[in-house]
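Quick one: this structure, given as structure tokens, is what I'll be asking you about.
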Amino acid sequence: MKLIMAIIKPFKLDDVREALTPLGVQGLTVSEVKGFGRQKGQTEIYRGAEYHVSFLPKIKIEVVVPDDLADQVIEAIAKAAHTGKIGDGKIFVMDIERAMRIRTGEVDASAL
Amino acid sequence: MKLIMAIIKPFKLDDVREALTPLGVQGLTVSEVKGFGRQKGQTEIYRGAEYHVSFLPKIKIEVVVPDDLADQVIEAIAKAAHTGKIGDGKIFVMDIERAMRIRTGEVDASAL
Amino acid sequence: MKLIMAIIKPFKLDDVREALTPLGVQGLTVSEVKGFGRQKGQTEIYRGAEYHVSFLPKIKIEVVVPDDLADQVIEAIAKAAHTGKIGDGKIFVMDIERAMRIRTGEVDASAL
Amino acid sequence: MKRLPWGWGLGAALPALLLAMPAFAEDGPPKLDSGDTAWMLTSTALVLLMTIPGLALFYAGMVRKKNILATMMQSFAICAIVTIVWCVIGYSLAFTPGNAYIGDFSRVMLSGIADHIVKGNDTQAFVLESGIKDVAGVTMTIPETVYMMFQMTFAIITPALIAGAFADRMKFSALCIFITLWSICVYAPIAHWVWAPSGWAFQLGVLDFAGGTVVHINAGIAGLICALVLGKRVGYGTDNMAPFNLSYAVIGASLLWVGWFGFNAGSAVAANGRAGMAMAVTQIATAAATLGWLFAEWITKGKPSVLGAISGAVAGLVAITPASGYVLPGSAIIIGVAAGVICFWAATSLKHMLGYDDSLDAFGVHGIGGIVGALLTGVFAFAPLSATDASPDGTAGGLDQLKLQAIGVCVTIVYTGVMTLILLMITKLVVGLRVNEEEEREGLDIVLHGEQIF
Amino acid sequence: MKRLPWGWGLGAALPALLLAMPAFAEDGPPKLDSGDTAWMLTSTALVLLMTIPGLALFYAGMVRKKNILATMMQSFAICAIVTIVWCVIGYSLAFTPGNAYIGDFSRVMLSGIADHIVKGNDTQAFVLESGIKDVAGVTMTIPETVYMMFQMTFAIITPALIAGAFADRMKFSALCIFITLWSICVYAPIAHWVWAPSGWAFQLGVLDFAGGTVVHINAGIAGLICALVLGKRVGYGTDNMAPFNLSYAVIGASLLWVGWFGFNAGSAVAANGRAGMAMAVTQIATAAATLGWLFAEWITKGKPSVLGAISGAVAGLVAITPASGYVLPGSAIIIGVAAGVICFWAATSLKHMLGYDDSLDAFGVHGIGGIVGALLTGVFAFAPLSATDASPDGTAGGLDQLKLQAIGVCVTIVYTGVMTLILLMITKLVVGLRVNEEEEREGLDIVLHGEQIF
Amino acid sequence: MKRLPWGWGLGAALPALLLAMPAFAEDGPPKLDSGDTAWMLTSTALVLLMTIPGLALFYAGMVRKKNILATMMQSFAICAIVTIVWCVIGYSLAFTPGNAYIGDFSRVMLSGIADHIVKGNDTQAFVLESGIKDVAGVTMTIPETVYMMFQMTFAIITPALIAGAFADRMKFSALCIFITLWSICVYAPIAHWVWAPSGWAFQLGVLDFAGGTVVHINAGIAGLICALVLGKRVGYGTDNMAPFNLSYAVIGASLLWVGWFGFNAGSAVAANGRAGMAMAVTQIATAAATLGWLFAEWITKGKPSVLGAISGAVAGLVAITPASGYVLPGSAIIIGVAAGVICFWAATSLKHMLGYDDSLDAFGVHGIGGIVGALLTGVFAFAPLSATDASPDGTAGGLDQLKLQAIGVCVTIVYTGVMTLILLMITKLVVGLRVNEEEEREGLDIVLHGEQIF
């Protein structure tokens, strides 16, 4: 199994989720994160004190899928999250050794 | 070493932490996440605009343990986080190559 | 490529980011997390109900770097995040199989 | 057009004290009453509380996180802008005799407002002159400064209400220009029609105790036009636009409720039985509307929402506004329930049927609620409450009065609709109306003001 | 039972003006005073502010995130429900003569409240009739509408206080039913006993200036019964139930403090020296209680908490309530410190010893604080303050008065305890009292109202 | 030194009613006026609202998350502490005759404040005695309790303003000690100088209607000294110290604005034309200052910030405070714009040039704004407004009056500067002033109070 971790623009979350459902992805986990990258933030000024907002709000999606689904999932995410503007984000892939569904104790592929 | 990543129901956090202490787990990291899965959320209606809450609040626990402890830890988490109702969550296991304790510079097993 | 995941004290974030820039690290992702470890929290009392704050606020940095940069990055983080006091945090290293930049479709090293 | 002043539209200009202190007219200048002045000073503070922080919170509690500060800023900046506009020209245009359609320039920069001050104090109470021979002015028991201030708070909240319609997407520069123009060209004349003794609606006998037409229908229709001209928010209908922190909206609605006592009971311009009855029916209608919306929603959608309850409360406050000095508690319950149910339908069904994006339902709640209230005032007006010395019979509800009310409503709708459209076009030419799509996505807080909340 | 009215329980019905304007009784109908009316209109707004948004924020600031909106909704919905109940039947039951235990139906739907209105205004001030031959009524200087409204805000806040005890777990439908019944069957009679001239406690001479028994002991005991009947929250004692956003509680406590000036100084029913002294002792006792709780906590727990400071403030406000028109500043400090320290002990130790789960300490603060205040009123009452024309000696604190106070406290405890239990049982039969465990875990915001904050 | 009382500094002690009710001086004790009393009771509530929750929110909205509760606690605890200090000794030192520099002990523990109470009510209004033969006292129309309470709210907010300068780093124990000493040794004497008829500044003819010197310059300078003595916050200039939740600051500023009506219009000590004009110029200057800061920032920094708008509002409120009873609307606009622009410069440039860390700009807004206002009062005073029976010509602005104003400003700066330094040193000796670095990093909420928000 693979853990696909995608950092995307927040307003693309619903698009991405909808793109994954047809592929049979039944679950995923998202977190609010802040990203630092080529995309530059704004400057905030509070009574003369300037703070450059170098960290921009992003959404991190973590989804574990069977090996054979990984390519399609990556492609689907990349397509759905694409705007072509700087800051669209990244997709990283890692190997998952084991998975378990807590409710049933099922493991690996059937746990997803 | 293994990184054990568990997505659980929020109110189970204390139970899980208490279940890990006897095993000698001395540290772990948790984040608030939102989960999408088989468990269905509620519908929110704001003046006629309906939003289906497909993302439910979950807690993600990340704990790095020596290889030999992994099985026990997985089991302990699974047991403590179990309610038997849909949405109990998942446990994923990944390989960790290196670990370091920032304070002392200790590495690997002794860094945990 | 390696995913370097560092759990650090919140006020060290800017130092760490600044330490990484000279190494050529162009992006990273941070999340607010809560850490449980040797460092002990405070006790909160609300009208006689005591809650021990066992989880302390930490920042998790996730940065993906080419293999050859990993050592320097780890070192730089460790140095910048160091205070020598308990609770300084950990650095974990994982293997990343693939990476993709959503905007351009570039993959692996050139995606970082 | 020239009728006896018994059929006044009055509202905030209620000559309630003609009765209470008949001696005034007889000899010497009208006297100040410290109790009435105390209540009007308090009412002024209460109505200001409605806009800042009341409305600021009510509106900010319904938007997404990225627009919370910008939404609060709208109310706050409008408060500052309209204060200056009112002081420079607005008050003069609204409350000096002029003609039936607009006042004159005699109070520009509030000139002359200190004329009666001798040794630090007003030596006589304010008389709102009719400027028309044979038509008596409205004699009050408070200094002119206090009347001017009380009216200013009405002039402030009205454009601030409109902001609910264009929230989340209007440029701040556009807001500054549009609101300045609107306050002068729309608010001041309509206030003059209805509340100045020389105004045509006042003379016609349209009843509007505390601002159903002047404030709510006016703001509601202007809001609708804004929503139509600016267009829908980016992502409307697809993105999740759930309120970020509805608890702010609850605080805001609560402060609106409390502050509205100043709005309605203050419109008696005295601390007397009329103020007491206005406060009572305000409370009762608001509670009835809260429960009306709440149960309508509970029955049709399955759950009684908090946003529903507070929206109902505001709908009730709006609807009882024109009626508050004229109706009895029983009628207040009916007006309240009607407002709650009808506004519920307007905000949850009508809006979606018609397809405009009135972000925070300025039209659905204030426009519709104001119309409901203005018309029902014509139905339920209880004669002894509106009676005065000059008009001992008062005005009773009925078909005749309903017609007058309908005229008031229609003319207001047409005038504010057309003028708002013109002023928006002017503003568009000068600075443009809307931020661009990317800015809208990023959020107005950071884009317009360079700030954000956590 | 029938004594001269000098020993009235009075409280909010204080015949302060018998003194100030003795002419009333002599000839002509009692006259309205615009200054007194202004202050009572203001006081009404202030007391409403206590419930919404004051209490809504105070309570919402102490619950977990998932219950914040539902907790605010409790205060808001109770405000709407009780308004209608009061208008329909509550006011009539409480403030018409009836008998010693309950009023009659003469003011149902507020019928007759507009009777004295001629030409838009009340021609005479309100007299709270005793209905008993040879016992004078309480003559006021304000219109009846204002008195009715002022009393309504008391009727609103009392059940809203109870909600602190069943927060986090009661069904909203159960709340609607229970509060309606409670307002009619518990609040109205007790208000009648203590504040109507025909009430037995009024006649007996129980002192309760602004509602120690009627409001606080009443709500506190009802809260205790609710906590016992509903049972503990799921996870009580094991889960972390730390307040999500204590800053709301600070805002709420602050608004309670400010609003309480209307509650206590407004209970003079006039803008006079009695109101001034009531405001002063309210401020002083509250400050003393804040510091009392704060230092008690600092010494025993090592840190002075913010929740402690604001809880102390509320405890002080509660305790000075029955005493506020009768005691001098020095006594106010003693009452404040006593309330702060004793309520600290009740909320942090007694509750855990007895093991009930009164979520937000409705009993620990309002019940205990109310009892402390009611009894100390009997100790510290300063005769010249409670003196009137009819009773030129006033009532001095001492063993005799302490006994009367204890009778008032005990009867209230028993009556409200028993009745609350019965009404809860009825409600349970009709719709059930509590959400189920899973719903409670998920949180009332989403489960009951379909909404949530960020 | 002994001059006729026509040149009083008056401020909150304005003998406005000498004019309105000349009968008082002639025969019998001065009479209470219920309307004036109603307004002063209301004003007291409004000024308390400024501190809790107004200032608590304004300040808490500008700090980082970890210090939000501790910042609110500062305002809340100061409210409690100063209440007791004022009751025990402060009021006596400020408002009894004593000598030109300090009052006496005749009102310690408010002894004698109930002396005129007969049958529950004050039989006569309060006269603020001069204690000097041939110099008349200030005769009021309200009870002494009300005057004492109104003044108490001023005594509360002044030290609470200072807290903005040492926010984020002072120990709570140090705060308790320092504020107690400061209230007695700095606030009480300065209030005596300016507002007691025996005070030297009063006699000299320094104009300070509602507290430009006594409240704002005083607090601003004390804040500057605190900032210098305590030193910069850990991480100042490097860490991100952006406000966590600026929306709180908007609510706070709004409540300050509304409450300031009580502060300024209440300083007329009557519900009359002077109060009306004071309210009007307060509103106008505040709006002008809001727009002044806003546009200054828009032009120089590119964006109009919300923090800028609300800071401008507070700067305007501060600057109009000493002038509010003496100037006309046109002057109010000038004072407002000047305050907005100058305070913008002080808070954004001057502070950085001089390099002190005044966390929330207590000095930049209150100190500078107060000085601007105090001096411009001397320029713009309009004679008919300050005129009275005793001084029929009033005081007109001009070089002479400007000099007097400058004297008032300078002496205040020196006295408060030196005394604040001494009291800080004493406090440092007793408990230390600052938390240690690690505690400061962790945040005062958890370290000092053992609590935190989400």
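Chains: A, B, C, D, E and F, in written order; residue numbering restarts at 1 for each.
The rule is simple: a residue touches a chain if its C-beta (ideal position, glycine included) is under 8 Å from a C-beta of that chain, and two chains touch if they have at least 3 such contacts.
What you see is a predicted model; the values in this text were computed from it and never measured.
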item	value
Chains touching both subunit C and subunit F, listed by label	A, E
Assembly fragments, subunit F aside and the remaining chains unmoved	one piece
Chain hops separating subunit F from subunit B, counting only touching neighbours	2
Selected pair, out of A-F, B-D or B-E, that shares over half of its residue contact pairs with C-F	B-E
Inter-centroid spacing, subunit F versus subunit E (mean Cα positions, whole Å)	33
Separation of mean Cα positions, subunit E and subunit C [Å, integer]	53
For subunit B, residues contacting two or more additional chains	31, 44-46, 85, 94-95
Per-residue overlap in subunit E, given as positions that touch at least 2 other chains	33-36, 38-39, 42, 240, 243, 271, 301, 303, 305, 307, 450-452
Pairs of chains satisfying the touch condition	A-B, A-C, A-D, A-F, B-C, B-D, B-E, C-E, C-F, D-E, D-F, E-F
In the complex with subunit A, residue positions of subunit C that touch it	3, 17, 26-31, 64, 94-103, 105, 111-112
Contacting residues of subunit E [partner subunit D, same complex]	32-39, 41-42, 44-45, 48-49, 52-53, 56-57, 60, 68-70, 72-73, 76-77, 79-81, 83-84, 87, 109-110, 113-114, 116-122, 142-146, 148-149, 152, 172, 248, 271, 445, 448-454
Contacting residues of subunit D [partner subunit B, same complex]	62, 240-243, 301, 303, 305, 307-308, 311, 347-349, 351-352, 361, 364
Contact set on subunit E toward subunit B in their complex	235, 238-240, 438, 441, 446-447, 450-452
Footprint of subunit E on subunit C - complex, ascending	44-49, 51
